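The structures come next, written out as structure tokens.
Heads up, the next two complexes both have subunit A, just with different partners, subunit B and then subunit C.
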Partner chain A sequence: MIDLLQILIEGALVGLVYGLVAISFVVIYRASKIINLAQGEVLVVGAFLLWTFSEGAAAAGYAIPMPVVIVLTLTGCVIFGWLVERTIFRPLIGQPAFTIFMAGVALLILLRGLTQLVWGAQSRSIPVILPEGAITLGPFLVNTRLLIGALFTVVLTVALHAFFTRSRLGLRLAAVAEDHTTAQSLGVSVKQAIAVAWVLGTVVATSAAVVLLSGSILSLEVAVIGFKALPVALLGGMESIRGAPLAGLIIGILEALCSAYLDPVTNGAASGLLPYVAMVAVLLIRPYGLFGWRRIERL
Partner chain B sequence: MRPTGIWFSSFAAEARTLDTRRSRIWLAIGLAALVVLPLAGAPRLIGEMTNLYISLIAVCGLYVTVGMAGQINIAQSAFVGVGAFTTAKLSNLGVPVWIVIPAAALVTGGFSVLFALPAARVKGFYLALTTLAAQVMFPIVILALPMSWLGGLVGMPVMPPMLFGLNLGTPTGLYFLGLIFAALAVWTTYNLQASRIGRAFRAVHDNDSAAGVMGIPVTRIKIEAFFAGALYAGVAGAILAYMLQFVTVSSFTLFASVWYLGMLIVGGLHSPLGPILGVVFVTLAQDGLHNIGNAILQSGSGLGGGAVFAASSVVLGLCILAALIFEPRGLAHIWHQLMTAFRLWPFPQN
Partner chain C sequence: MLTLANVDVVYGGVIQVLRSANLEVREGQMVVLLGANGAGKTTTLRAISGLLHADHGAVTAGGISFAGRDITHQDPSETVKAGLVQVLEGRRVLEHLTVYQNLMVGAHLRRDRAAVKSDLNKVYDFFPALPALLNRIAGYLSGGEMQMVLIGRALMARPRLLILDEPSMGLAPILTQQLFRTIGRIKREEGLTVLLVEQNARAAIAQCDYGYIMEGGRIVLHGSRQELEGNQDVQEFYLGLGASNERVSYREVKHYRRRKRWLG
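Up next, the complex of A and B:
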């Protein structure tokens, strides 16, 4: 019983990290109607920026204090997100959804190549930013890094949800997610919406990188987290900020249970397959996810 | 646009893909050149060309699914992988090559239908996400299956293809195998457009709600589009397996799928000429980069082989973006414009 609860706690914490990455998908979709497949690569770029300002700068002889590193990284992310919007997605406004989706695919190849060219393929260590170790709660052990990450996810969810449903700018972004042409004809700036979407998306992805990689190893393979978080975003509903952490909890717990009980039987495949089986199942049963917008077809 | 003085006395003559005598002669010359190439060419060139044919078959399939029917497929490489593993398994069981290739195509087709079934419920990029699931699940499943089934982590050897006592596993044999099937792929792709199902694909591509209202069974057509595209992928996988002589899951990544899509977009999604131009252009660009990379490596600077691969990714990514932003109709459209300008010369086009 204690084992089971321990598994559930760990699964839930990891699930909330997935939820955090899923939020970065949702933020971009919610504000600009772009499903960005390259989100995992965006996260890796954020992580490499973090490395450059911390370990990289230290190796070059400039030790920068951690709060400044975080500020520099976030500034770098904002510039990077804005650059992506300016060069790739702004010229594509008004193009069919297919074209925009493909631009995301192209961005995936481009970013993967660029990170490898700029930073090289070898893996690097990220300094400890969030406290390591574990808190004992009765008979259970709770990983502090993941716990802080989970709390951060919850706070961020509440804040972003308030932003998208209460603030004037947030509501304008929702109009863009509904339909580009309609939004534009009502005087909502699609350009501004996509810029905000990308800046928010890269910042959220980088904060996910901080939670995920603090005190561990950064390599190009980290980008796989993007494809793990996509099913989570889909389960929660692409338009729902609050759905993402909830779906993350569900997927995380199911994955932990699978890896504990089914993996020994299936040669380690069950936990790897689970997010994608869940994704296909969600698409079949509730295509708009748990909390997404139900779209109405008109002819 | 046709130049003055070309006229047809029947609709069938006008509807032909190769409508003039001159175009038929050019095609014959081109094919003849490809047939005699292995007699003159260096071994490396023959290998490169075989690779190009395999990509062309796979991208033709992608053109049917993505270009004609408008269903995004980011699992073409996994489908090629299914074809390759089917080939490896069957060839080890001693099945002759003329059964193996159709069987690989059909198995791949069946596999793709499995992931196209959500088309009954979802559309647009949501459907693309199920193909993403197929692509990601493919290596996990292969690696988890018992070693004796599909080789697991190690991979599987492929027996060389024998036909009438002739070994087709030599570079020249594989070259002709690739050439024949690539020609078949291009021929079927061109003709599919004018068929009933090709027009149904086009209708679903343009507006699936409207197509449904006009009596086209939209879900079935979408599933058939995936099936048709996967048939090509299966054939490509079979020839690739014979060429590699040893298949492992690491050859069939999401990245390769994206490369296939990139070739299609750069070439053009709206004309069957697109796959040909895209595959040739991207292969040439990649080859050029490899040569430059090798020259840099030999000059002894600190750059590793990984950097060459990374550079080719960057170039392909930029090519796709440039195609999407500046010429969404791809190289095929540029080619048609050039031909028109050539025919109208010295008069301006507009």
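Up next, the complex of A and C:
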């Protein structure tokens, strides 16, 4: 019983971190109606920026204090997100979905190549940013880094939800998420809103990188997290900020259960497969995800 | 306040929809733009608001000015900021947001919180049914309720010129009447200028100060309310009255209309 609960706790925490990456998909999708296939690569670029300003700078003889590193990294990824939108996706506004999909694939390959070109193929170690170790809660051990990440996800979800429903800028983004022409008729600059969404999505992805990689190893393979979080985003509903962490919980817990009970008999295949099985199952019943926007059709 | 001078609009680079349209809306007036389907009414409105782009349309000749400024190729967000707000046709509420959020989106360009609040109360005053609906999801409202949200949302932007594209579409006659009465009241109390596109000619003419009639992308007739009401053609085409003020059947009107177009 204790074992089971321990598995559930770990699964829930990991799931909430998936939820964090899923939020970055959702933020971008809402405004631009683009599912950014390269979101994992975007996260890796954010992580490499983090490495550059911390270990990289230290190796070159400049020790930058951690808070400044974080600020520099976030500034870097604001510029990076804006550049991606400006150079690749803005010129494609109004083009067919397939063109945009192919541009997404191209971006994925391009970012992989560029990352390797700029930072090299060897893996890098990311400094410890969040506290290591675990806290004991009764009979359970809770990983501190994941706990902080999970709490961050929850706080961010609440904050983003309030932002999208109350603030002027957030309402603008919400209007763009609904319909571009209507938003325009209300005086919302759709281009500006999409740019803001990309920047926001990139920042969220990079914060997920901090949670995932603090004190561990960064390599190009980390980008796989993008494809792990995509089913979470689809499951939660591509328009729903609050759906993402909830779907993350579901996937995280199922995955942890799978890896504890099914992986030993399936050579470890079950837990990798599960998120996609769960996603397909749910999408068959609710194509717009658990909390996504169902098209309201009226006659 | 709003002037269109010899405006041509071309869609997709080949299809000319508006030919040399001239139109003027004076401050404080309610101007109505009438015409059959496909006459170019909505295109005219989209040209004014700078929303042609989405349909690959463009103003290729002539100019549009609002409050003394040229807005022919202006970005819609600038136009709204200047006080020209359009309610598009087809009940385009933000479906998944609540009624309250819909109203607040209308005020997204404004920083004057206190004034926004008092405008919100004004909107509730014009549409007393709204306060009870604030937390409802807008996509599930009835047609009449949506229309209230749309006009309320436009008012939240504090417009000087309000453009309405067929607000009565799909509404029951009684609701249409109520709606026009409210629009008239808003216009009087807020000193608003209104440009109204309508199929419902009778109700619209009764409310307006001045009217334009479009056909085939041209303005074919214009005049004050009295002139329009007295005009033989308007009576026959739009009000369904014969020469001796009896109602004419639709068949006769259609026949007459076709003949008239060929001859004229």
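The working rule: the second predicted complex is superposed on the first by the 290 of 299 C-alpha atoms of A that agree within 3 Å, B and C clash if a C-alpha of one lies under 4 Å from a C-alpha of the other, contacts with A are read in each partner's own complex, and residues count from 1 in each chain.
Everything that follows uses one rule, which is that contacts are C-beta pairs under 8 Å (C-beta built on N, C-alpha and C of every residue); 3 or more make two chains touch, one makes a residue touch a chain.
This one's a predicted model, so the numbers in the text were calculated from it and none came from an experiment.
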item	value
Partner chain in contact with A:V188 - subunit B first, subunit C second, else both or neither	second
Touched partner set for A:T165, first subunit B, second subunit C, both or neither	second
Touched partner set for A:F227, first subunit B, second subunit C, both or neither	first
Contacts of A:S216 with subunit B and subunit C, given as first, second, both or neither	neither
Subunit B versus subunit C as contact partner of A:D179, first or second or both or neither	second
Subunit A: partner with more touched residues, subunit B or subunit C	B
Which superposed partner A:E239 touches (first subunit B, second subunit C, both, neither)	second
Touching partner for A:A121 - first (subunit B), second (subunit C), both, neither	first
Which superposed partner A:W293 touches (first subunit B, second subunit C, both, neither)	second
Residues of subunit B defined as touching subunit A within the complex	70, 72, 74, 115, 117-118, 121-122, 124-126, 128-130, 132-133, 136-137, 140-141, 143-146, 209-210, 213, 254-255, 258-259, 261-262, 265, 304, 306-307, 309-318, 320-321, 324-325, 328
For the subunit A and subunit C complex, residues of the former touching the latter	94, 165, 168, 171-172, 174-175, 178-182, 184-189, 239, 293, 296, 298
Touch list for subunit A against partner subunit B, complex	35, 37, 88, 91-92, 95, 97-99, 101-103, 105-114, 116-117, 120-121, 227, 230-231, 234, 266-269, 272-273, 276-277, 279-280, 283-284, 287, 297, 299
Complex contacts: residues of subunit C adjacent to subunit A	49, 51, 54, 75-77, 79-81, 85-88, 92, 94-97, 101, 104-109, 139-140, 153, 157
